[in-house]
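Written out below as structure tokens is the structure these notes cover.
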Amino acid sequence: MTRHKTWILTDAHGDVWLDSFSASNDSLRLPTPHDWSIRKRTLRGGLRDGIDLIEVHNGALSYSILPTRGMGLWRGDYHGLPLGWRSPIEGPVHPKFVNLADRGGIGWLSGFDEWLCRCGLSFNGPPGLDTWSDANGVQHQAQLTLHGRIANLPANAVEVSVRLDPPYELSVTGEVEEAALFFPQLKLTTTYTTVPGSNRLVIHDRVTNRGARQAEMQLLYHTQFGPPFLEAGSRLFAPIREMCPLTPRAAEGIDSHDSYGPPTPGFAEQVYVYDLIGDARGMTLVLLVNAAADKAACLRFPTSELPCFTVWKCTQAHEEGYVTGLEPATNYPNFRGFERQQGRVRTLAPGGSWDCRWSIEIADTADAVLALQKEVANLQAHTRATIHRAPQPKFSALA
Amino acid sequence: MTRHKTWILTDAHGDVWLDSFSASNDSLRLPTPHDWSIRKRTLRGGLRDGIDLIEVHNGALSYSILPTRGMGLWRGDYHGLPLGWRSPIEGPVHPKFVNLADRGGIGWLSGFDEWLCRCGLSFNGPPGLDTWSDANGVQHQAQLTLHGRIANLPANAVEVSVRLDPPYELSVTGEVEEAALFFPQLKLTTTYTTVPGSNRLVIHDRVTNRGARQAEMQLLYHTQFGPPFLEAGSRLFAPIREMCPLTPRAAEGIDSHDSYGPPTPGFAEQVYVYDLIGDARGMTLVLLVNAAADKAACLRFPTSELPCFTVWKCTQAHEEGYVTGLEPATNYPNFRGFERQQGRVRTLAPGGSWDCRWSIEIADTADAVLALQKEVANLQAHTRATIHRAPQPKFSALA
Amino acid sequence: MTRHKTWILTDAHGDVWLDSFSASNDSLRLPTPHDWSIRKRTLRGGLRDGIDLIEVHNGALSYSILPTRGMGLWRGDYHGLPLGWRSPIEGPVHPKFVNLADRGGIGWLSGFDEWLCRCGLSFNGPPGLDTWSDANGVQHQAQLTLHGRIANLPANAVEVSVRLDPPYELSVTGEVEEAALFFPQLKLTTTYTTVPGSNRLVIHDRVTNRGARQAEMQLLYHTQFGPPFLEAGSRLFAPIREMCPLTPRAAEGIDSHDSYGPPTPGFAEQVYVYDLIGDARGMTLVLLVNAAADKAACLRFPTSELPCFTVWKCTQAHEEGYVTGLEPATNYPNFRGFERQQGRVRTLAPGGSWDCRWSIEIADTADAVLALQKEVANLQAHTRATIHRAPQPKFSALA
């Protein structure tokens, strides 16, 4: 039997709220040599005023969780290497300062500075009026805003759990509801887990349809990296079945799609969309490797739940946000209407759910990077990558 | 002379704020056998973070007041019977998480889970651009959002009062301002009063035009009931002069307009609008009676101040919000432009006010229900109800 | 060497936050006879819930600063004379209750009750879709809202400083960032300084482009006065090179452009725009003088940084906001597209900044008023004012 110690930090419906919290190896004295801790505090002042922040340190890897922003990850650190990026806004930004409908539906940008930001749950992609008819021929329409609502909704329940037996996993679970009368009722339950001393963070998400009718669902993990993982000469490694640029602008850069240039003021973003190769269990991985090939960020995810992978190259000046996004998702970041036509919008039955476990791991030695590159090469071994030089109708609304 | 004990909980302009408050028969030791109390606290976490909640218990009836949401009533309870409904969002929702202009002007739905939610004060009904010319021929236009602003504006003053002599009324008064430069300056002053041990809650509202010019005003009391008052076989009783469906969809259900079906996933809402018969003093009443006719919710209101009554049948699945709304109002829930044409938009002179006292009472025995039904029958006795089978031009913008 | 004592009240990025603060001559015991103090507190309840307020008293002049509202000035007082106005909304209003995109883009009005409210930083003036092409021929578009964002953004850094040597200046400095990914990254740094016992407040603003590309910038100081400076018979004094009404409505009042009438219910606002004469150093001044000419509010500012001056006459009834605005600015309050065509939109190079020092001073004796009037007359002495009777193409988008 597994023993855990758990603490409820937030249970809005049950009137539980801890303004601050701390648990660590100092207090629990588990037989692990790693100096782990889990702390919560409330941020004050500026755009972050009122934000909950939960900081998890496993002794090697640390990351901060934002219950107030849909359980996103603000920033991380592995052996002194910063995980995340430097957005032109200095967040985290409380949703009370974000108006999703602003600037013609792209107000989401005013709050975006996370390492990991979920885009969904009912929709993601660009804003606009989505009009469609359901299976019964009933017409629907919805005014969509950029990348959906979930990143600007607060968790109503947060729990911390520490396993008291090896390997002493540290977990933080949160629940976020995206619902309204006459609209889909989706609930995100996410658990972040890490093992003391490890280089890995496991994300376990479930999206549940709490309504009585079928509901559409989209989810994209907008995962950002800046320096030192991103620099001139950084490269992307992924086992590719098929890939194409999402836009004509991205097509301009197709010959260097897997490498990165230096910070370039005014660089116009380029987006590439991928169909990746999985292993026997359907797991795939992508790597962002620095120029010297001694540091890498690796995302491992199941192609069944996350069949669509997108790379966002945004190598603007440092001040503007020198960044790349690695984005496993249920869909590509086209307008939902297009994705629906392509069969890439999930439908959840009443009570049904989507469940996915994936991970981020960090390598900080040349050997570890090489091992990861070999994994990618093995997956690619028997398949020739199809690289389209222009947007394709199957992948892009702009083809 | 009547003696009262009063406490100021909030006076924003006077810098008074109590984070929590409690008064009860334990502390005041009034010579009443009823175990009454009035308590205030601030909710934390999730969508409710930062909401004030005032809970009034009279020993038999309880209700919670939301100063942060325009002095609405969140929920109630009478002898263990829940008053209100289960919305698909679990509120209460702080206005900082509600964007009224969102989703094409229906963002109000994102905050709607109250038992009693006011719709107004400048406008209610569907969103859109309202264009009109005033008495001086000056053209005006305003972008209206669903059901107006008042439910998402915080009270700037809240006071509790307990009468120290029989019948020991318990009162909570709040003031909410709906104003902006170049826009109407309306102020709501509301007092909720109950007598220890009673089954009744009295609502006394005044809307004052604090501006120097005439101002339009609309107010609709969106009062919701779910189980156990609403169930398959529940019936609506009202003394009807004239009634019609508001929409073609409602016309489909005209033959069962006064009875309710079971929770039905995807049930499309039906709205009926009524001209009710009052007694000699102009008072009328409506009842929602359960299938066994041993429980009823009763609204009593003056037809002079609240001449328009609307029933919202929304018998969706429980998960979607199985609910009916009983809605006494100054107007029907058509677009304000239509209501203005029909003469159903009030105009308040500078300094003028609209004043109304009405009540909600709960019956939990067959005898009590029967007595209420007889009251309705008596009012109907000399008048034949005109039931239109389709929307009528006088009542509905869709006729 | 100058000695200062400084306190950091807010440093969001550095996790510094003081919920309350107080410094005064009681605590510092400086050798000044003036009973000065600087205090901070957090307001609770109503629309002001959560607002920081910093109150500075110099022994004669006092003013309150709103870090939560872009470092605006809420109200002031000089020897018992109130500085500011009575808005129909009773603020200050927390930005969480303001939706700039509301009411068709004029939601800013819902939060406007300050004595001094900055309009900018990327844009000010009326709302609308601004479309333009940059120096490289790249097309841009932006959805502008009334008077910009800065007044509804919170300061992320606030510092208090007291000079320990004569004249013992009292300063409050704040930083506010207006930025988002793909949008300009402008930072306002403002310092308010006053000398104990003086009648003057000095505003030192710097706007910095923190981005890597050129950024447009607009800034207008919306400075309001009501009674006792504004009353029937009050007059405006300014050294005028050229002036014209901004609108046909303002043209109606051209013959009395420099005098004010009594509160008039429903008075439609009139706006006049000025090109003022500066002295040898480019400094100019404007005065609002009461009917008896024994009270005046004076703004002194540099015509190089603030070449555009606007007067807003809004002599509505007291209840509606009897007010005039004196508005030194980088531009006139036309739509940004028009101002750009006229060359009145500033462009800041990457890392570049706009820097301006100006002041407000109050006179409360006939002699002091007369001396100020003489200053204006001296500036006007060698130049004949050109007063246009109708909007001119150079000044007004409505000409």
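Lettered A, B and C in written order, each chain numbered from 1.
FYI, a contact is a pair of C-beta atoms (placed from the backbone, for glycine too) under 8 Å apart; a residue touches a chain by one contact, two chains touch by 3 or more.
For clarity, every value in this text was computed on a predicted model and none was experimentally measured.
When the CA atoms of subunit A are superposed on subunit B, the rotation angle comes to 120 degrees (nearest 5).
Shared residue numbers account for under half of those found at the interface formed by subunit B and subunit C, and the copies are therefore classed as meeting with different residues.
The centroid of the Cα atoms in subunit B and the matching centroid in subunit C are 42 Å apart. The multi-chain contact residues of subunit C, meaning those touching 2 or more other chains, are 50, 96, 99, 101. The part of subunit C that touches subunit A in the complex is made up of residues 10-13, 15-17, 19, 50, 95-96, 99-101, 129, 142-143, 145, 153-158, 177, 179-183, 185, 210-213, 350.
Interface of subunit B with subunit A (complex): residues 43-50, 87-90, 96-97, 99, 101-104, 107, 109-110, 112, 263, 265-266, 316-321.
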